[in-house]
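Heads up, the next two complexes both have chain A, just with different partners, chain B and then chain C.
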Partner chain A sequence: MVKAVKGVILKCDPTVKQVIYKLNEKERDKFQLIIEDLDENHLFIDSSKVDYIKTEVEKLLEENTYKSELLLPLNDK
Partner chain B sequence: MSSIKRRRQDDEYTPQKNVKRGRKISKIDNDYISEKDDVNKDKAAGSKDVPIIPKIASLGLDKELAKVSTIQYHKRDSVSDLFGKNDFSNVNLKKDHANRPLWINPASGHIILEGFSPFAEKAQDFLITISEPVSRPSLIHEYKMTPYSLYAAVSVGLETEAIIEVLKILSKTEIPESLIEMIRKCTISYGKVKLILKQNRYFVESSHADVLQMLLQDKEISEARILNTEETDHNGFLSNVTLSSKDLGMSGNKKDIEQKNPETSIQEDELYAVVVIDKEDEEDEEDEVHSFEIMSEKFEIVRRRCNELNYPMLEEYDFRNDSNLPPLDIDLKPITVIRPYQEKCLSKMFGNGRARSGIIVLPCGAGKTLVGITAACTIKKSCLVLCTSAVSVMQWKQQFLQWSNIKESQIAVFTSDQKEKFNGHSGIVISTYSMVANTRSRSYEATKMMEFITGREWGFILLDEVHVVPANMFRRVVTTIAAHTKLGLTATLVREDDKIEDLNFLIGPKLYEANWMDLASKGHIANVQCAEVWCPMTSEFYAEYLKASSRKRMLLYAMNPNKFQACEFLIRYHEDRGDKVIVFSDNVFALEKYAKKLVVPFIHGKTKPPERVFILSKFQHDPKVNTIFLSKVGDTSIDLPEATCLIQISSHYGSRRQEAQRLGRILRAKRRNDEGFNAFFYSLVSTDTQEMYYSTKRQQFLIDQGYAFKVITSLEGMDKNTNLAYREHNEQMDLLTEVLLANDNVADLDDIEPNPEDLPGTVTSRNFNQKVRRAMGNMKSLSGADHMAYYEGSRSNNNSGNRGNHFNNNRTAQKKKDKKEQHHPLFRRQWLRK
Partner chain C sequence: MPTRIVSHFKTNIYDYLEALPKTTLEKLYEEPATCLAIFRLLPSIARQLVMSLLFDKEGISKNDLIKWIKNDKESLDKFDEAFDKLTKLQMIEQNEKLTLNESFRYSFQDCLTGCGSRQSFGIPLEKHKSKPLDISLLDQYAIEKWENILHFMVGTEKSNVPSASVLEVVTKANLMRDIGGGKYEITNKGFQFLLQDVNTQVWAILIQYLDIAGVMLNMNVVEVLNFFFMLGSLELGQDYSVEGLTPTQRQLLDDLENYGLAYRRKKGSTRYYPTRLATTLTSGNAATVSSNVNIDNTDAGEDSATEQGFIIIETNYKLYAYTKSQLQISVLNLFSELQFRFSNMVTATITRDSVRNALKKGITAQQIISYLTAHSHPQMKKRPSLLPSTVKDQIQLWEMERNRLVVQECYLYKDFKTWSDYEMILKHATKLGVVVWSNESKKMFGVTEAGHEHVRAFIKKKMAQRKSNGTGGNDNFMGNGVNRSTPIGYGDSSNSGTPAR
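After this line comes the complex of A and B, so read on.
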């Protein structure tokens, strides 16, 4: 039987893709973020989790790069 | 005195020649600016006779301002809220504000200078004296007034009123009362008292008798005082008249300008003398000074007491009249040419014919050594030079021989390998901080040598790279060695651990700080193009990065294949242009990996000295060797004028100093005077990693000096070049495995222990949260040799500095503690705090 899943295509850097993989791993028991890994720069993800991914990615990248107030905008996602 | 005048109306103005303090001028012209270049010149000369600000100028302005302020009122407008407390729209602009270069923030005391103003250069000279440069890009400069900077200003002979007057003239707005008050408060007590060494006797000197009286009220100070009834007048002060000569008395300009002219002044009161200053003396630019002698063994106490009483003492050395110390026959060779800015900083040091202690800040490659040598040639007394490593000891010796006419037998070197003494009564000893400050047991020879050093008096002590010296080590040096003058030299007076202020009181105020951009535009140092190259992490590396511990992370972002490619690409590109390239990596693992892959010679802490010399000379002379890899050992004191391009692949966290020191390696490029020559400084950064954060932090110092970093997100032509390493995915995976297998320890920064007496070179503090901890364990303890060490009595129970390792018995703990002390005083401090 065919099962339809609603999703969105996410275009991102390879690094951000890794971040999302990590999230996926972390929340594996609760839900599945990634539906399909398309290619190096594209992922097909669960559309209901878009906001969650946005905030988490933001948080992680902030942490990794800039910690104080002065500073340049983040690398384009 | 001549003043530059700018007039907007060509009606009358009064000429300003020889306007004396307090002279009244009735007719005032409101509409000109009087720009006091003479003010700055005199200040540079550091003469005691501080330029007298022609009252006329400020009076004129005041009047004008008074008029304006009556009709002016403050109205809050729609955007006021956005500025909050920083809404200064109520501050009056002077009518001719466009002509004035300064704006002062009434709240913080920050001074903003328009670098493009025609008066900027003169204003800069003044600001550099009274304040600390915060940031100096090409057009707008920011300065900050601090108590220290004002202290420095006073010590070079500026007076409170003069500072305020000049500020008033230069400022676009009225100067806030609060600021004036602060200047008054900070300067009123500074500089009033001087500690002078004359013929090996310490004198507390002041031109204000009442200040001395006040100091003598203090119990500790009066105890230290020596009462000598023969020389003194009734109240016990020695009164001298000192010529405050404008003669700078630089080396090669031998004039006996100082006259000692003991003069007893008339006494009326037994206890508190009112000393009548001879009016004639004043006009002859002479100041009457009073002094009392203190016991030399107690001068430390007196100095401390004075600081507590808020009358910090300036230290001056009357070297021309010192007959006790045997003179040293040293002079600059006639061919030696001093550059204008070097002369300027020396003139601040020898302002009134005496030598004062302090710090001179010049960029790397701008000839700090020559400044030091010239100072030594001016003082002409025995001189002790302290530097950070054995390598720079040899460099200093060579420089002394090169620039001055001193005989080789008069220069002695004191390192762990060489312990020499000079012949005759005077000479120069060059050593390292660690050798002198060492408190552990020494060899017999070293002990003898130390006795030789501490047993005599030094006219001059030169402290190279002062910023790296830990404060406690410094204190030991300063207290064990009797030196009349201390001069600190440095390129980067910044530290991540805020210990800079200690130096101000241990050595003296900052006497001079050069503007990098200025020197670059005049061709004294090379023009440098700075760029930050962003290298994206490959997905595999980034996946591991996210999982890894913080030490491994460092290794991962240093070994990022994209970074490797960028590095290789840049090396090839610049080699083809004919540049000589230095690649810096703090991480030894990465260093070796890169260098071996690219087949390029490398030097790190474990490279043996003969090999180092060989590699360096190859780099300098062999046209086939155009690139070398250096670890931290190359940050300072390796002098490679051939290098024109610098690539940095891994670095010490956010150390601003390291960045600046590394840049210094290419500032002295030989080819700097070629038409259109540029040196290149690349910093390779892996994106989305902590490196980005550190990189921004590191650049701050250089940005403040006016350098602009260009961000390169992708190197053009790199994709097309198929010869680069790690293009293939499987190669990258191999590299990744290798990195992951690597021992955690290799993620450590370099092993700078080339010589036991070297300072922990470039290591500054690690003020960042996630820390790579340096593994303090060593082969010795692993092999159990700790127990073999000689160990003596009084076992310390205090193991707080240790990470309570349970296997360690007391003895190893003690041993470890020693080990720590030996190498990383800065770290120790941090550990002890925990």
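After this line comes the complex of A and C, so read on.
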């Protein structure tokens, strides 16, 4: 029987998809983040978790960005 | 891209005038100064037409009018455009013959021949009565007032908060947004505003003011517009009497002082001086440029580098800006990391963080690039590509990086029994234009929220049909080939009436 599920389709690159998978693993006990893995660039997720994913992904990517050391002292001023 | 950003101020005021109802325009045309100002804003062919028709009471047919135009496509297109403008502004009346709008014709005749009431162009006061005001003082005053608003927009630290009415206009115009606690933040539109030349900025603000004036301040739009246009025809350095101004216009004068468009020695004085910002409102571009130089550099005319462009960017994201203007430096500060300041230049670096800060405010990468392109130093223009492509691309990449997640609310359809079911329903949904994603091998597809109702109804209808055909219930949904032909045929005919997208 055909089923229609409400949710959010998330379009992202494979890197971000892996990050989300990691999040899903981390929170597995609390809630199910990913409802369906659609394809390389698409995930089907719970619409109430979108904001959570956005901030977490942002945070993770931020951590993994190289920042020039040269500029840091100047930025502090 | 820069051409779009520096869209001419004339288009703004045109759009506003065209949108006015006929009765308002009629009233506007009763004022000779307004007629002259609007006439000046017209394209040259339209001006020709107006002049030809001005003293012609009988009128002329459109066919005869076209005969005056050179018979090639380019000229005729220009004529059509001009004619269209005149019609939209209700300046031409089209009965059997074309005539100018009556009130426009009389006022404009008065204006050109110097008859009629003089008041329309302001009442100049006798020269020797008081010692004349220095024009440079007037310029300085205008610059100070106007720059104060711009400074406030870019968030210079020492800037004073402009008056309440100015604030009202900038927030209403969506140039700034209230972020609470009496603090304001520049918006995407505000940044765009900063990139434009002064004349465009003044008009943009004035038009916004008009909108508010009509609704909130209970001002008569006709009187306000008349006053704006009159200001445009006044002489710089001359003092004018407030006599003859309506109460609305006196109130308006108070507000215009806030913007630096008019100057009075003290509040409540009966004489006022229009500043350069006001007198160049309806004139050509030459005046605009000269006022531009004065405005951009606090030291008027001393260095014209700002006008030509002053920014040099290296491939290592270092930026050198040869400017003294606090305003330009503040604009740079919106998207770069300022490092050192010298007497005639500042150095800055474009970093990921600084660009992201700008992006967060809603400023787009394209706007930053346009700004850098428009203000790049003549030295940069010698290079084959104006900006170093590394920098340009990187700014765009930083913007894309912020949009790594694209989210769309939808309904996912899955667990189709057979591939043919999947195919048929997907086909229907595609026709409706509501499919966001589909995958054949998984037999799944997603539709938009708006499309969900339609698709569900379609499936229900199919299922009901199936049942009535007696080929089994849900379990056998679209299971056999014999049945398939009927629903598809039916589906096609029912779709024909549905708008495709």
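Quick note on the criterion: the second predicted complex is superposed on the first by the 60 of 77 C-alpha atoms of A that agree within 3 Å, B and C clash if a C-alpha of one lies under 4 Å from a C-alpha of the other, contacts with A are read in each partner's own complex, and residues count from 1 in each chain.
Here is the rule we use: a contact is a pair of C-beta atoms (placed from the backbone, for glycine too) under 8 Å apart; a residue touches a chain by one contact, two chains touch by 3 or more.
It should be emphasised that the depicted structure is a prediction, and the values quoted were computed from it without experimental measurement.
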Who does A:39 touch here: chain B (first), chain C (second), both, or neither? second
Using the touch definition from the top, say if A:50 reaches chain B (first), chain C (second), both or neither. second
Could you look at A:13 and tell me whether it touches chain B, chain C, both or neither (first, second, both, neither)? both
In the superposition, chain B vs chain C on chain A residues touched: C
Regarding the shared-chain residue A:22, is it in contact with chain B (first), chain C (second), both, or neither? first
Between chain B (first) and chain C (second), which does A:31 come into contact with in this model arrangement: first, second, both, or neither? neither
On chain A, positions contacted by chain B and by chain C: 13, 16, 61, 65, 67, 71, 75
In the complex, chain A residues that touch chain C: 1-13, 16, 35-36, 38-39, 42, 44, 47, 50, 53-54, 57, 61, 65, 67-68, 71, 74-75
In their shared complex, chain A is touched by residues of chain B numbered 534, 536-539, 542-543, 545-547, 687-690, 692-693, 696
Chain C residues touching chain A in their complex are 337, 339, 349, 351-353, 401, 404-417, 421, 425, 436-437, 439, 442, 444, 446, 452, 455-456, 459, 474-475, 477
Across the complex, what residues on chain A touch chain B? 13-19, 21-22, 40, 61, 64-67, 70-72, 75
